[in-house]
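In what comes next, chain A is part of two complexes: it sits with chain B in the first one and with chain C in the second one.
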Partner chain A sequence: MKRVPAWVLVLVGCAVCVGLDYAYSATVAADRGMKFWLMIAVACAINVLSATALNVVNGMAGQFSIGHAGFVGLGAYLGGAVAAYVAVAMKIPLAALHDNLSFVQSLIIVPCVVVPVAVVCAAVGFVVGLPSLRLRGDYLAIVTLGFSEILRLTVLGTVEDTAKNPITKAIAALGGSLGYRGPKLDGDFVGIPSVAGPFWTVGIAAFAVFLALRLKRSGFGRALRAVREDEIAASAVGVDPARYKVTAFVLAAAGAGIAGALLAIKRDGPGIVSPANMRFDKSFEVITMVILGGSGSVSGAAIGAVLYTAVFYLSEEALNQAARAGVGFLANVDAAALRMALFALTLVIVMLVRPEGLFGERELFEKKRVAR
Partner chain B sequence: MTDLLRLSSVEKRFGGLRAVGGVSFDVPEGGIFGLIGPNGAGKTTVFNLITGVYQADQGTIRLADRELVGLQPAQIAAAGVARTFQNIRLFASMTVLENVLVAGELRRRSHFLGEIARSKIAREDEELVRTRAAELLAAMGLAGQEEAMATSLPYGSQRRLEIARALMLAPKLLLLDEPAAGLNYGEAETLKEQIRSLRDRYELTVVLVEHNMQVVMGVCERIHVLDHGITLAEGTPAEIKSHPKVIAAYLGEDLDEAEAEA
Partner chain C sequence: MSWLLNALAQGSMIALIALGYTMVYGVLRLINFAHSEVLMMSGYVAFLVDDRLLGGYQHGGTRGVLISTAVAVVAAVLLGVGIEAFAYRPLRARARGATARIAPLVTAIGVSMLLQSVAQLAFTATPQKFDPRLAPPVGYVVLIAAVVMAGLYALVHLTWIGKAMRAVSVNAEAARLMGIRPSRVIAVTFAIGSGLAAIGAVLYSTTQASIEPTMGSSIGTLAFVAAVFGGIGSIPGAMLGGVLLGFLGELVKFTSFSGMKDAIVFLLLVLVLLFRPAGLLGSARARRSSRRAWRGRARTFAPSTGGIRRACAGS
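Let's look at the complex of A and B:
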């Protein structure tokens, strides 16, 4: 079979995404009930992006980062702010801003958001990655956790609008625990524009998976795995662990930042960025997706993300429906707690049956390696 | 013949323990040089100092005209020093071929972004690296096992794979840390031949840490003996065999006897 050239794949992918975008609007317009399913699909796509990014650090490079939510949150705030200011600069009327923006508008706003978010998060990822040169395992994990908590608490801790210092003033503008709703226009918050449809969310996620697969199969990816296996042996063959580990952090941070930005500006989005995005349990969610799918496997992490997200939302919906249908015992239990317990139990069982995750380090459609 | 590697007064302490205390030796270019001594003599520490795993506290280590003390291990590898490890350090979850390919990273001209974009240069590099890896695997008798997991190979093959990986760097200096460990008499004889032929074929200088006297005495042109981190003797195999201090260090064991036993 002849291989399909990459540019054809990219073009077809773009076309599919544009189609998806219009299909999304059309479906929502025709049937409000479909919104739920589309919301899940978009959430899946964003989590695929986030998990794919984390997999570069945790899976391929073998560095245990539990501060992923910090980058996601940073991307959400930054992306939300940029999107709001760009929308204001485009003179989109306030009333229109509170509804979904058009696809054509998204073609201007989303690139304006994604590029600076990726650059800034990559730079921050570089700084957070530096401790990985001296620290391993648990110690490195603590540093990354510290990073995301510092970000979250900084946002939470400053709410006074009256602050004089420009830095505290800027932080206060992020709204503290109330969340960030963009700049004020005529005394009213602009809100975060809901602009990124499936073209962007699914498109970027698919592109990220494609890039991650290529990265894994490149010499760079090989060297990254070598660093994970044995740093001393890797450096003895000229692979400088420092360079590879920090690069992995930079790539993961950029991906996480974009995921965060999309979370903030997605269509039918919340219109607000909450500091809860940066809570460490959000980091663990992404880690769970990666480990569920198989640490080091690109398709594994993506499928882990889809499974996790789908089960997460569908179980909630199923319990709600059951409660409404009057299933007796549900009236007496905390449905949310029951759901989390079942969810956790499922994960425990999966891990017992397949300790390496669903895929191990293999990819979908990849032959199992024969141990001779 | 000029000297490729020159150690002068190299010293390394771990807390109060002087692991290597002022060791000096010169390894001539193209030579096969043996480093022997009882357990704990500091042989592997010397290797770790040459390759930058440890930093020497004192002294200089020169490769041709380049000072190696102060360089990072990866820089030293790039300068042309390759090694194997006493307790085999292969990349466990990677295939035989991948293990060797990793050592080709240094020759890559393209940045990883170029690789992701599959630029022309990146594809040429990959081609080059793969061709060379296949050659080396064939030279080390590992052809046909490229796709096996590295750690699933038998012990002797793992040692040869480590050498293939080291050669992928196209080194000037090859450090072998106990290559004969665990080999039987016949395999050790083959190893001697292999070391000589590798040296000739790839224009290497070889330094060898080894306990197997059959190999050391049979293949080395010069031998340096360490005990408790200091130099005991240096000379040709014949000189070392009859050196009284060396015999004493080996607990009075006759080195000819040790050779016969091995």
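Let's look at the complex of A and C:
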């Protein structure tokens, strides 16, 4: 079979994503009820991106990061702010900003958001990755957790009336626990524009998965695996562990940042960025996706993300339906807590029964390697 | 003067909880994330027993608090040992290779999230409060903590089981060859740590914090930082770290950063891990290995890898 040239693939991919974008709008216009399913699909795509990014550092490089939500939150705040300012600079009227923006407008705004977010998050990822040169395992995990908690607590703890110098004033503008709703225009919050349609969310997620697959099969991926298995042996054959570990952190941070930005500016999005995005629960969710799917397996992590997200939303809907249908005791159940308990239990059981996850390190259509 | 006493009381409560982290890390080289949830659960048990069964301040009084503390300690011990038996022990038997390093950590986080959500399901997210009149005077808090910690010190240094704990923490494999059963020692360690956490939880929730499902992550984190600060794995280190953190918390109140207290605690944690991973009183062995790691980047080993593998082999 002749190999299809790369540019054809890229063009076809773009065309499919543009089609998805218009299909989304058309479906929502035709039937409001479909919106629920489409929202799940978009959430799946964003979570696939997030899980793929975490998989690079947790699965491939074997460093354990539990501060992923910190990068996601950083990307969300940064992306939301950039999107809002760009939209204001484009002189889009305030009334239009509270609704979904058009696809053509997204072609300008989203690249303006994604590129700086990726660059800044990569830089921060570099700094957070540096401790991996000194620390391993649980100690490193704690440093990453510390990073995300410092971000969250700084946003939470800095409010308008305690802000004195310019830096704390800037942080206080992020709204503390109320969440960030963009800059103020004529005394009214602009809100985070809902701009990124499926073209961007699904497109970027698909591109990230493709990139991760290529990465895994490249020399870089093999070097990462070597570092994960044995650092001394890896450095003995000329693989510099420091370089590879930090690069893994940088890649993961950039991916997570983009996922966060998309979360903030997605179509029919929340219009607000809340510090709850950076809570430890969120990191835990992504870890669960990666571990369930199989850390080190790109398709495994992606499938884990889709499974998790689908179960996440469907279970909530099912509980609501049941409560409405009159199953009495379900009405008083805290759905979020029940879901979290079930996921945590699943994770613990997976760790005990099959610690390598659904796929282990294999990919979806890969044959099992015969042990020699 | 009352400021000093307050800081000391704060610190000694943190230290009580930090001891659980440090002891488990000492024998197992595992950060027991579920410890903070044991703390939270025992807080609930104490509150429910005191409030629902013994009638709170009106009927139970101080005696009620004492009884409910005893019940909470028993519950915490059962919970801690149960977690060890059902979640960590099977893992030690089978995890190997690259998963051996990460599996215990993931499991610990999973158990912690599980307990937190179960608490939210069972007790709802509404914070509960002890009657403020039940709060022991500040001096008593310090006294109780001091007595308990002195008892722990005696236990670790004067008794057979204490010697076994120290032996396992130095080298589980060698301890096993000397006729010590690491799995039994580990269970005892979990029991003691959880019991101390229960006492800390009662002191904490009677004097200041309300009891809620997320109290574990806020107070537990503080305690964890104290344990790392003092040198995780070292019992006097945890005590010192707790007291220092108590003073730090009280000092921050005087500055304009009082809203950022928790962020500062985390910043301290990151700095300590980066520049002195072995903490203030960490063992000389850990210190040496960390210094070596700094010089030769390729040989980066925190003191975690060998220990858990040895502990795995030992049980």
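Just so we're on the same page, the second predicted complex is superposed on the first by the 338 of 372 C-alpha atoms of A that agree within 3 Å, B and C clash if a C-alpha of one lies under 4 Å from a C-alpha of the other, contacts with A are read in each partner's own complex, and residues count from 1 in each chain.
The definition used in the following text is that contacts are C-beta pairs under 8 Å (C-beta built on N, C-alpha and C of every residue); 3 or more make two chains touch, one makes a residue touch a chain.
These numbers come from a predicted model, not from an experiment.
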Touched partner set for A:Arg222, first chain B, second chain C, both or neither: first
Contacts of A:Ile66 with chain B and chain C, given as first, second, both or neither: second
Partner chain in contact with A:Glu149 - chain B first, chain C second, else both or neither: second
Which superposed partner A:Pro131 touches (first chain B, second chain C, both, neither): second
Partner chain in contact with A:Thr247 - chain B first, chain C second, else both or neither: first
Winner by number of chain A residues touched, once chain B and chain C are compared: C
Touched partner set for A:Val8, first chain B, second chain C, both or neither: neither
Touching partner for A:Ser235 - first (chain B), second (chain C), both, neither: both
Partner chain in contact with A:Val348 - chain B first, chain C second, else both or neither: second
Contacts of A:Met340 with chain B and chain C, given as first, second, both or neither: second
Footprint overlap on chain A, where chain B in one structure and chain C in the other make contact: 229, 232, 235, 240-242
Residue ranges of chain B in contact with chain A within the complex: 51-53, 72-75, 77-78, 82-83, 85, 89-95, 98-99, 101-106, 108, 112, 115-116, 118, 122, 125-126, 129, 145, 147-149, 152-153, 165-166, 168-169
Touching residues (chain side chain C, partner chain A) in the complex: 30-31, 87, 90-91, 94-95, 97-99, 101-103, 105-107, 109-111, 113-114, 116-118, 120-121, 124-125, 213, 217, 221, 224, 228, 256, 259-263, 266-267, 269-270, 273-274, 277, 290, 293-294, 297-302, 304-305
Residue ranges of chain A touching chain B (in the complex, touch as defined): 6, 211, 214-215, 218-220, 222-223, 225-226, 229-230, 232-242, 247, 361, 369-372
Chain C-touching residues of chain A, taken from the complex the two chains share: 58, 62, 64, 66, 131, 133-143, 146-147, 149-150, 153-154, 157-159, 162, 164, 228-229, 231-232, 235, 240-242, 280-281, 284, 287, 291, 295, 333-334, 337-341, 343-345, 347-348, 351-352, 355-356
